[in-house]
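Each of the next two complexes has subunit A plus one other chain: subunit B in the first, subunit C in the second.
And then the complex of A and B:
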């Protein structure tokens, strides 16, 4: 029983991180109808930057966020402006997948070239610390990662719901032409949307680097589950993606007890295929998902 | 006038191509060059097989490595575990994969655009997991040694030569099929799906069945390509068989050559395959080849989305005297078409 509860807690913590990353993917999809395959490659890039930062300065990896978040924001705007916006609208969805896939390959190759394929792990003084949480023993780093994800998600939510920019962003996501008619500079907003999405990858990557070993091809292990999450949740729905992330994260962790880590990973793909057979538009998605 | 000169150019080109394929193993200076030739023609087989679904329907699958890998493993396992004759195993493997592709196609083709690409990637990732973990059957991460179909008296260079011709024969069959579909009603329907699926459907094209048929044909040929490669290479490792890179190579080659042209994937395979081998020989196996491939793919997507063949054709058309009519076919040609 306690093993199940333990897995449940770990699943929720894992799901929080998944939700943050899926939120980034949803943002790109919302503003440009683009599925960003390179998202998890940037995630690994952020993890490597955090590792480099800690190894060279000896400071806490979370301080690297002060650099990586703005940097990734600018990178995201650049990716949207210089690459995605240049594609023909007629074939945008398909070609953008290929384009961001190409970006992912380039990032992975560059990481392998600079950092070599050696597995790296950030040395942390508190990496062994554990906390008792409702009777489950949880590693402190997992809690911190969840906390980072939660804070970022709440911040994102507030930004989207309260600020003027958030309104413009949501308007662009809902109906681009209408937003433009109302005076929203949709190109600019789309660029910032991309920047925000990539900034979440910076946070996610740092959170990831806290408690796992990183290597250049790690992003393939993330892109599959993330894609499954946004399809199950319904493309373009932030809340749907968050619910799906939590459910799948918990499901994966529970299945690890009888099946082991590798086979539990297939749960994501099973969920993906079942969703496509039963409800191709996703279980929690809105109107947006219909066409894709 | 124009069609006549084009016909001459085309038939001359075809004869040159066939002649080159026939004499290549004879003029290849050493076994290494010959083996590179086999690798490139194997790429061409896979890319052309990919183009049955990518080119006709516009559904871009990044996960065709799933079918080439399954084809390779099906062939290898049938030989090893069921002791089937290698050539029968190759064909049977293709059939098995085609049957497997039916449920996968039904699920994957329900969604369009981005979701379809996601599903195709997911398929490769899940197969990689399965083939690595299921050690009792697949040999797991240690790989699977596939016995050679020819006896020990056939030496290495001779092997390369035979496999080069086998690949060429398969490629010829596939090109013939593609050409036949291209001018059939079925092909017309598929191309309708590519241009506008909803309109094609409202005009009475049975889109679901057509897409599925193209998908299964593509999976079958991809599996044959994978199986033939397995017989030639003699060793299967899940990491390389179910690799996203293999699938993206097929896409890159087809896009680079031109997905709407019969010989597009072949042209792309020769360019990319030669470049890859050249790169490996010059700089060794560093991670830079990933970067190079990423940059190349991005450049093709951004600047040459229709491929080399249409770009060259456009260039030729620009150098030609301007046509009087804005139609692609002249009135006379149209009248002749009707009369025929």
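And then the complex of A and C:
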């Protein structure tokens, strides 16, 4: 019984992290139908920046966010304006896979060149610290990552729902031409949307680095599950992706008890196939990119 | 279909070309029996791809060995010359490389590549040509089940035997303090899993109950659930058949669940210089088998460490040491047979000699069974007082085994 409860707690914490890591992906697709294969490569880049920051300054990796979040926002705008915006609209989704695949390879290669292939981990005095919760252990680092996820996702939600920029962004998602007719500078909004997505990668990568060992090719292990999450959640829906991430995280952790690690890993892909067969638009998103 | 056919025809063409080259290209005259030109040694290594990091280590070891031999008058009075090809960590490529080395380049001797997956196809080619095949890395059981009689693994022990000294030490403990339960977590990889399975079999036979036995795919990065299972079992001993990141992530996950075993052993990772940086002070008491340490006082080892450090500025690691050992083993066979040429008689003489004799190397004296398994065991190291020290076997130890291990 305690093992089931412990696994449930671990699953919720992991689901929160998954939701944060997938948030950017769903934004890119929502804003401009771009499948961003390089998202997880940028997560690993942010993780390396956090590692470098901590190793050189001795300060907490979370402080690196002050630099990486704005940096990644600018980087995102640049990637959108200089690369993605030049793809032909008719083949955008397909070609964006190729383009961002190349970007992922470039980021991975650069990481290997600068940081070598040596596996790194941020040395944290509180890496093993934990809290008791009804007999289950909650690791402090996982709780922090969960907190970062919650803050980021709530912030994103508020930004999209309440601000003028959010309205413009949602209008661009729903109908680009109509938004332009109403005076929205859709190119600019699309660039900012992409920057926003990459800024979440800065937060996600730092959260990831708190509790895992990082190496340049790590991003290939993440992109599959993250893609599965946004498809199950409904492409373009931040809330849908968050719900899907939590359900898949908990499901995987619980399935691990009877099935073992190898089979539990297939849960994401089983969920992906079932979604595509039964409800290709995703379970929580409604029509593509219409809701948040 | 067209592409596949094209490839097939291309491959056929290439094979035919190789064959022609082999028949008519002729071997360089000086490498014939008893020539006094250089002894040419062919190697294929994974210099790019998955195994490029250890592959380059093996390359450094081979090159250092060749330089050392040449600085000291060569083999049989002849200089040695290495031909190293890059197999891109690809098992098809490695077989073609050895075909080329033996057949068209006409090398006198071959050295093995890195890792089980590449050693098996390479050894196959070497056997077809009757070549002696000494290899620096390929410790999994599969390597020795293929019926190779020309293969010798140039390291102290096969994967299954890495923990032998630890198993003996555990079984020698008095009944009252001896651990009663054990949890195993191993990567789905022939080498990593082999180390854990070897210890599991020995402990299970002696009555240490297996309470968790997890196997995870190599791409696993989250160890929360595996750690939860192990922590829930409250096993006295935890054993990881690990590489690197998996061991580090598993150890941190176990600490987060406040699981405190009496004994914790992980393969490979703890001997990595990055390991204490990742784990911090909590390494204390962690055990690991190791096939090589620069501190070992075997006669040729000091010479090796000195020479290598002078050349490269850093002490050698296990990859370089195993490559150097391969060189030493082949050199011993060449000296004993008094020849170094590709002829069947010469290669057979060397193979037969190695089957019946012991060779002094930087990893200690080595001897092999009929399938090429070395008959030794790995040293067991433990973090004691913040440094990794040899604790087993008793005659090589630098520190006492700490049991039970301090809390992490």
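Here is the rule we go by: the second predicted complex is superposed on the first by the 286 of 292 C-alpha atoms of A that agree within 3 Å, B and C clash if a C-alpha of one lies under 4 Å from a C-alpha of the other, contacts with A are read in each partner's own complex, and residues count from 1 in each chain.
In this section, contacts are C-beta pairs under 8 Å (C-beta built on N, C-alpha and C of every residue); 3 or more make two chains touch, one makes a residue touch a chain.
Since this is a predicted model, take the numbers as computed values, not measurements.
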Would you check which partner chain A:262 touches, where first means subunit B only, second means subunit C only, and both and neither mean what they say? both
Which partner chains sit in contact with A:119 here, subunit B, subunit C, both or neither? Use first/second/both/neither. second
Applying the touch criterion given at the start, work out whether A:6 contacts subunit B, subunit C, both or neither, answering first, second, both or neither. second
If you count the residues of subunit A that each partner touches, which comes out higher, subunit B or subunit C? B
For A:218, decide between first (touching subunit B), second (touching subunit C), both and neither. second
Kindly classify A:57 by the partners it touches after superposition: subunit B alone (first), subunit C alone (second), both, or neither? neither
Answer with first, second, both or neither: which of subunit B and subunit C does A:163 touch in the superposed model? neither
Overlap of the subunit B and subunit C interfaces on subunit A comprises residues 117, 220, 262, 265
Listed in rising order, the residues of subunit C that touch subunit A in the complex are 53, 188, 214-217, 219-222, 224-226, 228-229, 231-232, 244-245, 248-249, 252-253, 255-258, 274, 277-278, 280, 282, 408
Which residues of subunit B touch subunit A once you look at their complex with the stated criterion? 58, 60, 62, 106-108, 110-115, 117-119, 121-123, 125-126, 129-130, 132-133, 244-245, 248, 251, 255, 286-298, 301-302, 305
Quick one: in the complex, what on subunit A touches subunit B? 29, 33-35, 37, 83, 86-88, 91, 93-99, 101-113, 117, 216, 220, 223-224, 227-228, 231, 235, 262-263, 265-266, 268-269, 272-273, 276-277, 280, 291-292
Subunit C partner contacts - residues on subunit A that touch it in the complex: 2-3, 6-7, 10, 13-14, 117-121, 123, 125, 127-130, 137, 139, 141-142, 211-213, 215, 218, 220-221, 252-253, 256-257, 260-262, 264-265
